[in-house]
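Next, two complexes with chain A in common: one pairs it with chain B, the other with chain C.
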Partner chain A sequence: METVTLTIDGKPVTVEKGKSVLEAVIQSGGHVPYYCYHPGLGVDGSCRVCIVKIEKMPKLQTSCSTPCGEGMVVTTNSPEVEAARASVFEFLLVNHPLDCPVCDKGGECPLQDFSYSYGPERSRMAFERRTFDGEGVKADIDFGPTLMLNRNRCILCTRCVRFMKEVDGDAQIGITNRGVHSEISTFEEKGVVSLLSGNLMDVCPVGALTTRDYRFKSRPWDNPNAVDTICTLCEKGCNTTAWIKAKPEWAKGTQLIRTTPRLNEDINSYWMCDIGRFDYHWIEGDRRINQAHMNGNVTSWEDALVSVKDAVDAVGGATHAQFLVSGHASLEELFIIKQFAGNTGGVTFSWRHRVKPQPADTKFKIPAVDAPNLHGAKDLGFNTATSGVANISALQSAVDAGMVKLLYVLDPGPDGTLGDVEWVIAARKAGKIKTLIVQAVLHSALTAAADILLPGCAFVEKDATYTNMTGHVQGAARVITAPGEAVEDWQILSKLSVVFGVNVTYSSSAAVRVAIAQALGANPAYAGLATMTFSRPMSAKSWLQASNPSERWKWDFMFQDLPPIKFGDDFGPTPRANVIPMKEVK
Partner chain B sequence: MSFHPLMEYGAGHHQSARVLPEEGPAFQFTAANLAKLEEICTRYPAERRKSAIIAALYLAQGQQGYITLSAMRAVAAAIRCSTAEVEDIVYFYTMFYTRPMGKHIVMVCRTLSCALAGAERVTETLSKELGLRPGETDANREFSLLEVECLGACDRAPVVGVNDDWHECQQPEAAKALIDGLRAAGAGSLTGCHLKVAGE
Partner chain C sequence: MEPILTKYVKQPGGASLDFYMKVGGYEGLRKSLGMTPDQVVDVVKQSGLRGRGGAGFPTGMKWQFVDKKSPKPKYICCNADESEPGTFKDHVLMERNPHLLFEGCLIACHAIGAKVAYIYIRGEFYHVQQVLERELAKARAAGLVGKNIMGTGFDCDIFVHRGAGAYEAGEETALIESLEGKKAQPRLKPPFPAVAGLYDCPTAVNNVETLCNVPFIITEGAEAFAKLGPEKNGGPKLYCISGHVKNPGVYETSMHTTLRELIYDPKFGGGIRGGHQLKCVIPGGSSVPVLLPEQLDIPASFDGVASAGSMLGSAGLIVMDETTCMVWAAQNLLYFYKHESCGKCTPCREGGDWLHKLLMKIERGDGEMRDLDLLLSVANNIAGKTLCAFGDAAATPVLTTIKTFRAEYEAHIREGRCTLPASWRASHPVLAAH
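This part shows the complex of A and B:
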């Protein structure tokens, strides 16, 4: 790697050749504000707040657009720079409404933060502010199916324009008119229609772009706790942060309040798709299965598990039982199934395959397979394709032939992720399947047809590991406590293992992972599985520093003198794992 | 291209107040213009086809007199870029018109040199002669009067442009004569020009 060495505020800094001065400042822990610069987007140089003094250059330079040169002498905090920077902030606030108390970005707004830090203490502007679309809330306008736009708040950094052009691949946003009349616009005011639209909220450094999903639902200080986890809605495995709303036990509403992407260069960069971002309401929705059911009636765990044993005995033993497993099953669950698979009729994998409509040259491709762990299933030795459409024809014809007396369905994913299940329901109704056991998270037509229904956990309610399409083994953390009597799926399977001819008992999901690591020792991807740690709700001691999701990486660099963001358990309820309240099935 | 239905929040209650360009009649480049555009595109690397966007817009404007939503779509299709990018360009440059203009577009420079040399008097005279305020077009689409920024002939201020012809050192009397000439002989009367802009 070719490097250059420059001096920033008297300190020598060595960076990779080609890096900008701003990146060098960030890398060295310096403090320079910026809006138009975003590490995942091209350089623009339109906001002007990152100006620094570089010796031998006649004027102040925008550090984001100036490449580092050998021997450069950069000053970021001289009186000259500070005065010029303050004037830029004064200009940025000329037309920006000071409605921070009602603005969704308030509290996690770089414009707010940096204006306090670097701006002048008061405005000298005596005239009325220029407005688009009206004053106050009238200025909130539709901007596509997921977003709202407030042009009065826009500072024209063009991050959204560049995101659509460079990452989404379909430049739907432009700037019309010029000068003070410039406004963010879409053709015919249709708004942004894209599966990556939620990212625009993340990149917007002010409250101009907000998601309909999160608007007015919460403020940054209402959700001071966040958990680093992953999204499991498709095989990409984007790294995400789940935000938890702090509220008293008796308060209504959900705990999980939003999901934002987390930087992982290898997988999702700074982005995530709208499906992962907005499709979380089912987790704390009304359709969750809270208790075990038998023939449609609520029952206890003890009775439900005993009845599973009875059902297996009734069909003549485990060899007559077949498993239909969703691609949403984690490594832990699959590992346990793997151990008693030999004693059963077989294991078939099923998942949903849907091609996502995206521009041809998008940089963020959303896979068609909605299953997070197919790669993991293959690594564990299951005979499954790692992509494409699920092949369940063998199981289907076996069911049709009446060969499958008992079908055990494991479906810990949201609605529809098991693929087509109509045939299962029809076969049960026609009596071709004698007993249908479903371990799932959501009530559906399938669970209604089930003889025995066992409540499992969604991916944010259990510590579970998944292997994504590129072979990365990642953990999804327990963010919230599962509803009712729902327990982690590996526990259910572990309790039932004796029914299927092996006695596998693990004290925790970590113990399962240790066993997996031993079994897959030859595969280096699983080397870290035994010691994998899961993030717990972490306190942002100072939420100001931790709360801006798109800029997390920046806070990690810039505010190292402040208390660290990730630590401690001195706050909030830690989500707990429910336990099946009974002894082993005998 | 969305996967999810419209989220319920405030759907349809808040609409943009931006004035959109008119839809206009269905627009299609003529075969001659399309051939010309393809020729212009060959001047740029294939992957930089977007560079020809201004030329394409000039062709569209030349064909229809002004640029409509329909024309923007045609340009986007010809240039292979998004419609938002076309609109961006149209609204940035003041010489693209999004409403019908007169046959003679009279532009008075109001930037510094011309303003000091009395461009405001010239505007007043033209305004009185044409019966138009700056920015207006007359009913039978003969004349449009515009105040514009620098036309690039500061040494011969004040400057008045009529379509692609520059008329320099214009005093109020000369401006009156200019209009009289245009009314009498149309574009053929435009002789006072020192600098002819080669039209594409």
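This part shows the complex of A and C:
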């Protein structure tokens, strides 16, 4: 790597050649504010708050747009720079409505944070502020199916414009008019229609763009806990942070309030799609299976497990039973199934295949396969495809031929992710399947047809690992507790293993992972599985450092009291208390 | 000095190709095509030709910076977005002597290895576009523009592009953005257009008057051009004289001429109108500091005006007599600047509007003394902190008028009205807030 060495505030700093002065300042732990700069987007140089003094240059320079030069001498904190910076902050607030008390961004707003740190103590602006669509709530206007726009708050950093152009690939947002009347807009005010629209809320450094899903639902200080996890709704495996809203004292438990992306340059960069971001309401929704059922009636776990054994015995043993497994099954669950799979009639994988409508040249492609762990299944030795449409024809013909007396369906994913199941329901009704056992999380037509129904856990309710489409083995952490009597899926399978001829006894999911690491020792991707750690909800103390998701890395590097714990890979040591584990950004 | 660029502007039919050929047109192009591109650049460098758009940057050097080794195509962009208040010289050249501009464009293309020149004219120049398109078609038919020009094998085309009416499009990178079909907003520099300009290709952006000087330099030689004016300020120069003079208009002369001559000489401005006294003059379009009557005995050259603490800029002399209220003048200019700010960077977008509001407040008679310091502070906070030179231009009218006429501002604030004995004020009431 070619490097250059420059001096920042008297300290020598060596950075990769081509980095900007701002990136060098951030890398060296310095403090320089910015709005239009975003590490995932092209440089614009328009907000002017990152100005610094560079020796031998007559004017102050925007550090985001100035490449580091050998021997450059940069000053970020001289009185001249501080005064100039404060003046830009004064300009930024001249027409900003300052409706922070009712703004969704309040508390995690870079404009708030930086104005507090760098702005003048008061404004000298005495004129009426410019407004676009009206004062107060009138300023909130529709901005597509997922977003709302408040132009009064906009500081025209153009991050959203550049996100749509550079990442989404469909430049739907532009700026119309000129000068102080410049405004963010879309063609014929149609708003943004994109599967990546939620990221616009993340990149917006003010409360101009908010998501309909999250707006007015919570404030940052009402979300005292956040958990670093991954999204499992497709095979991409985006790294995310799940935010937990504290309920009032009289209510028990917690509430999953939003999901935001977390930087992983190898997988999702700074972004995630709207499906992963907004499709979480089912987890704490009314359709969750809270208790075991037999023939449609609630039963106890003991009775349910015994009846599984009876059912297997009744059809003449495990060889007459077949498994239909969702691509949502984790490595732990599949590893246990793998141990008794040979005793059964067979294991078939199924998943949903949906091509997502996206611009052709998007930088963030959402895969069509809605299954997070097909590569894991393959690595564990199951005979399954890992792409395309699921091929379940062999199982279907076996069922048609009456060869499958008992079908065990494992479906820990949300609605529809198992692919087509109508044929299963029809086969059960026609009596071709004698006993249908379903282990799932949501009540559906399939669970209604089940003879025995076992309640499992959603991906945010269990520590589970998945191998994504690029072979990254990642963990989804337990963010919230499972509802009712639902049990982690690997435990259910572990308890039932004896029914299928193998007595599997693991004390914890971690023990399963140790066993997987041993079994797959030849594959280096699984080497770290034995010591895999999962993020736990962090206490309120840390919410500031994990503040605005798009600015998260800023807090990690610039403003936290403690230095961040850096990991060389995803499977590092247990993080120190209260510090969010993170991937090292080189 | 005998006019060179505007010699035939009053000649009926002077804009036609026939006439231009009769008076030795396209001879510079013919001669330059016999030279190597480097020789052309050298001659222009030796002539000391400085850009006539405002900054006075040496044209030869600009052409030399164009990355000739680049495998990409090169472009000449002629900046004909003449929008600076008080400036109206380029449109005279384009309307009355279009072939001189075409010839300059072609020579420039030859010099930097370009095959295409774009003439970017401002949105309001509809009539100029008609003339340019008409004459361009004739030049193309005559084999002077297009393939195999004059049988030399040199291919070069010229296209006229009319903007949508934005002052900011006169900034060279904003002009390039606009040409590419985007909003006229400036780009970050570096990279400079000479490295990555139009369509990311090496580009030279030259003012109309600059390019119109090139044929003369080629035909008559660098020395003949240089000795027309003072050292480093050679060649003919067009001056746009407007405001309270007897004969406003465009005048061509050498840069030996003093500002006082330009205002008072009967050949030029002819003195102040109707027995009034000169109060001040803005010598280079609205974006430069004012000069007082006692500062006018300096050559109206780039270096001469700079030595007096102002800039020649686009050589638009705005002459104001003693009836002109400087608060009104500043407010008038800031209305322009806040209206034309492209809105890309913060200080100019927010600050320009703020300055205008403050000036309106004082104009209305609601001003307070502390507003003066606020005006100065806001203007200083804009100057030097913006992406392009627009911020400095917008701050200048405020800074210069307060510096020079602070007493007038104070009187305005104290009395709550304009204190000047100006009858025209009655017919120019304060504009409603915009």
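Criterion: the second predicted complex is superposed on the first by the 549 of 586 C-alpha atoms of A that agree within 3 Å, B and C clash if a C-alpha of one lies under 4 Å from a C-alpha of the other, contacts with A are read in each partner's own complex, and residues count from 1 in each chain.
In this text, contacts are C-beta pairs under 8 Å (C-beta built on N, C-alpha and C of every residue); 3 or more make two chains touch, one makes a residue touch a chain.
Please read these numbers as outputs of a predicted model, since none were measured by experiment.
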Combined model on chain A: chain C and chain B, fit or clash: clash
Which superposed partner A:A84 touches (first chain B, second chain C, both, neither): second
Chain B versus chain C as contact partner of A:R178, first or second or both or neither: both
More chain A residues in contact - chain B or chain C: B
Which superposed partner A:L60 touches (first chain B, second chain C, both, neither): second
First (chain B), second (chain C), both or neither touched by A:M125: second
Partner chain in contact with A:L156 - chain B first, chain C second, else both or neither: second
Partner chain in contact with A:G45 - chain B first, chain C second, else both or neither: second
Touching partner for A:G69 - first (chain B), second (chain C), both, neither: neither
Which superposed partner A:V94 touches (first chain B, second chain C, both, neither): second
Stretch of chain B penetrating chain C in the combined three-chain arrangement, among 22-30, 76-84, 130-138 or 148-156: 148-156
Overlapping contact positions on chain A, where the chain C interface meets the chain B interface: 174-175, 177-178
Interface residues, chain A side, partner chain C - complex: 43-49, 51, 59-60, 62, 65, 84, 87-88, 90-92, 94-95, 124-125, 127, 130, 155-156, 174-175, 177-182
List of chain A residues in touch with chain B within their complex: 132-134, 137-138, 140-142, 144-146, 148-149, 170-178, 183, 185-189, 193-195, 197, 212-213, 215, 274-275, 278-279, 356-359
Chain B to chain A touching residues, read off their complex: 1-18, 20, 69, 72, 81-88, 91-92
Contact set on chain C toward chain A in their complex: 166, 168, 183, 188, 338-347, 349-354, 357, 361, 374, 377, 381, 384-387
